[in-house]
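Scrolling down, you'll hit the structures one after another.
What follows is a pair of complexes built around chain A, which joins chain B in one and chain C in the other.
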Partner chain A sequence: MESLDPRIARLEISDDAILQPKEALDQLVTYEVFVQKKDKAAFEHVGIVHASDVEMAFIFAKETFSRRFTCFGMCVVETGKIRITGYTDNDNNIYDQVAKVEHGDGPEEIYEIFHLKKRGKQHVHIGSVEAESYDNALYKAKVLYDDEKPKFNVWVIKNSDILFSDEDDKAIWDTLSDKKYRDATAYRAMDKIKKFKEEQLNQ
Partner chain B sequence: MYGGGNLFETPKLDELRNEDPIKLKEFEDRIERGEKIEPNDWMPALYRKQLIRMIEQHAHSEIIGALPEGTWITRAPGFKRKMSLMAKVQDEVGHAQLLYSAAETLGKSREQMIDDLISGKSKYSNIFNYPTFTWADCCFISWLVDAGAIVNQTANARGSYGPYCRALDRICAEESFHLKYGHHCVIHLATGTPKQRKMMQEAIDRWWEPLMHFFGPPDKLSVHTETLVKWKVKMATNDENRQQFLDMYVPKIWELGLTIPDPNLKKNAETGLWEYTEPDWAEFKRVINGDGPCNKERLAVRRVAEERGEWVRQAMLAPQSKYVVPLA
Partner chain C sequence: MNNIALKDLLYKIADDQLIIGHRNSEWTGIGPILEEDIAFSSMAQDKIGHSYAFFNVLHELGESDPDTTAFLRNAEQFHNCQFVELPIGEYDFSLVRHFLFDHSEMIRFEMLTNSSFEPISLIARKLKGEVKYHIMHANVWIKKLGTATNESIERLQKSLDEAIPFALGIFEESKYEEELANEKIFPGEIALKERWIEQISDVLKQTELQLPDLSLTEARTGGRYGRHTEYLQPLLDEMSEVIKSDPTAEW
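Presenting the complex of A and B:
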């Protein structure tokens, strides 16, 4: 059968070429993506992208995660730069397992803290601490942010590792008003069906 | 939204015998309580394997499923239809990205998945191995194949694996216009000129059997899936999904004055179940194993995209950073 796919016809793709095995993995780096669903709302984890560097990751993240839902801000961070605790379940609070670490071996800097408050949901930004190491930041987060509800997992990220969208660039999140064809309401057709049925009856 | 009729391997009993019974019990209790499993949690090897297989098949289906519809973008009737179809196809490819990400949290790299797709090792929804001869074929996919996939995937969204459920929730929300768009296209043809009606009817005649295949082999022929149901990997059986689809969409097809090429199709008033002619399952097997009308060309398009994009990936590689498995 001759192909109906214009790509096959135009690009002169042969469909029986022998597959050459690839030599090495060329997998790009993984970045975690967080968005603000409302103005001034906390950043929530939404998923990942693969990219060569953090700026490219931001562009991919914007394409993937801000197209359809409201978005007021976005940030990305390399997955490998996130320090994660273990996971707990039932009513066990992960902070109960966090040891007292009053100092670290690095200079004091800002760390961002994300909590998993319900298993199956997303990690949500809860606040930041000034600390001298990841463990020091985690302990300070325990002191500051551990209320009575259990936290099942905590992510600790250096603020300097995160690329945030610019407050002055908010216009990039606006949806163009001429994209109505992306809404279900643009496809009402009950009138047509009704008219068709009436015509059938009258015949 | 193109995922459907997943094929599972027959679970081997010894695979479970090697698991730590205490951890297995904790794992099963967690699912029983309705809690989601997260990537860092202990899970049986079989659970991991079947989930990777299922999510990966779903992701491949989104990518390959975009091909038969994508071929019609340039030939869609009118600017409006072109815009809608382009938006839909773009969505589907984006959804493949979300699904690959979810599968990656289980430890299989995206590149390995793409490699397995291109080499034919991994499967995707069989229905996309058939050609779209006319615009009406494209409308059939947009409405009814999407509808079938929604039946399958809304069931899966209640499953036990956190990252997959989150991806599906997002996908379902993004897709709200797809089904309406497809229905709109079919209504337009079905209530149009005699020539348009004929074109739509011919598409239904061509696609009905592949669509019945889409939900997978009947339960009595399917592999033993009790464990997968208990672990909430599989949320509804193939026959349950097929019944639900028939119940929702056969009346909608009939009300447009279109017919379905199965003389035995009717709803049994007593059992409340649809009766139908079993589609040819030998044909299903033959096509899924590579011998369908479009298998080769679908993979060829992916292979060429991969080959021609290689220099971009190589140029972008940052050797100072290493790939790691995503967290959630």
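Presenting the complex of A and C:
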């Protein structure tokens, strides 16, 4: 069996100059991660992880995004499953561009709506709608959630595509408060370094 | 309260955590992908944190301070099972060990939440959430790779076959099983092992992996009594290199 260990299986060395196609990269797809920073607070986008599937993405997201900060819930969704509108700026509301989409005869399902209310900030979950398509969901979101303030960008995600943390697993968020030693700020070295330098000078 | 029995229990738990934490931290920087590197390293750090909590209880019972206990003993003074001191091998072996060891740890902590010795039950309750995540992580990987490709299944199976005798060594009985059970401090290794077999079997059933016949497997024991493989002392030497360079330094 060929080793998977990068310390053993080094880059193959070959000194011939025959042109060969560059091998495809087996890059994993990305998943978007959302967290609840307070109990029952809205889910906020925090970043992405690479993973082979949504379960693995959740496992990675937990350590990547909830270790340093308190967290009460988390959800992940494959990047490609998110439908996004274009971006606006200044006082332009993206919902002004959203035309009415009539409800057809198809089955309804739940879509989750996320708003970008400030450029440079994160998308925040605003609510859900029952709709028949992404476009229908976006229109319903406009009716339900468009207040006076401009929305610069909207994400529409099928609820069934999202993996939410389980209420029964709440304990996994429990243990963070007294772990300051994990942060570099908890290790105050400057005083000791100064003292050491002074001792060196005085010698 | 039987202090010798209690200390024996605390030492084996703390030493297991310290050594597996150190071993798993060896993957830091060379994990298979960045996200897994972060997760595996974080869990390794959790383990060291767990050992620290138990070394603190030992300190309160009159043993040396946690740093001295952790870094300045020789291999034969360590009570960890041999399983945790084995080299990390390739990632399949480290994952299988993580899966087998952490399930035992989860059950041990669950049992200890009801311990009559309060400092232990408090720690066990506090740390259970972390171990719960460790189990989720292990289960996801084992289920994924245990059903993925011929190569991944073959690799995990080979590692599982190699790991099982050592994993059974986790449950090597101490001289104090009866005292600990009678005083309701800890129900004992045999009870723990039974639940462990059930729990790992439940996960393995969802994969192509076969749990070796445990009745035909001889457990690799001795660790709980200070008998270790050739791999422990080099690990301890490396772990204590810094503190030994100046044992009186203030950190």
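Everything below uses one rule, namely that the second predicted complex is superposed on the first by the 152 of 203 C-alpha atoms of A that agree within 3 Å, B and C clash if a C-alpha of one lies under 4 Å from a C-alpha of the other, contacts with A are read in each partner's own complex, and residues count from 1 in each chain.
Everything that follows uses one rule, which is that a contact is a pair of C-beta atoms (placed from the backbone, for glycine too) under 8 Å apart; a residue touches a chain by one contact, two chains touch by 3 or more.
The shown structure was predicted, so the numbers you read here are calculated from the model rather than taken from an experiment.
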Touching partner for A:50 - first (chain B), second (chain C), both, neither: both
First, second, both or neither for A:25, with chain B first and chain C second: first
Partner, of chain C and chain B, that touches more residues belonging to chain A: B
Chain B versus chain C as contact partner of A:119, first or second or both or neither: first
Partner chain in contact with A:195 - chain B first, chain C second, else both or neither: first
Contacts of A:173 with chain B and chain C, given as first, second, both or neither: second
Touched partner set for A:92, first chain B, second chain C, both or neither: neither
Contacts of A:62 with chain B and chain C, given as first, second, both or neither: second
Chain B versus chain C as contact partner of A:70, first or second or both or neither: neither
Partner chain in contact with A:7 - chain B first, chain C second, else both or neither: both
Set intersection of chain A contacts, chain C complex versus chain B complex: 1, 3-7, 28, 49-53, 56, 63-64, 67, 179, 181-182, 192
Chain A contact footprint on chain C (complex, rising order): 30, 32-36, 38-39, 42-43, 45, 49, 90-92, 126-130, 132-133, 136-137, 140-141, 144, 151, 154-155, 250
Contact footprint of chain C on chain A as seen in their complex: 1, 3-7, 28, 49-53, 55-56, 59-60, 62-64, 67, 169, 171-175, 179, 181-182, 192
Touching residues on chain B, where the partner in the complex is chain A: 30, 35-36, 38, 40-41, 67, 71, 74, 80, 83-84, 87, 94, 97-98, 101, 104, 109-112, 115, 118-119, 131-133, 162, 165-167, 170, 173-174, 176-177, 179-181, 183-184, 187-188, 190-191, 255-257, 293-294, 296-297, 299-301, 303-304, 310, 313-314, 316-318, 321-328
Residues of chain A that touch chain B when the two form their complex: 1, 3-8, 11, 13-17, 19, 22, 25-30, 32, 45-53, 56, 63-64, 67-69, 78-80, 82, 84, 86-87, 89, 119-120, 122-123, 153, 155, 179, 181-184, 186-187, 189, 192-193, 195-197, 200
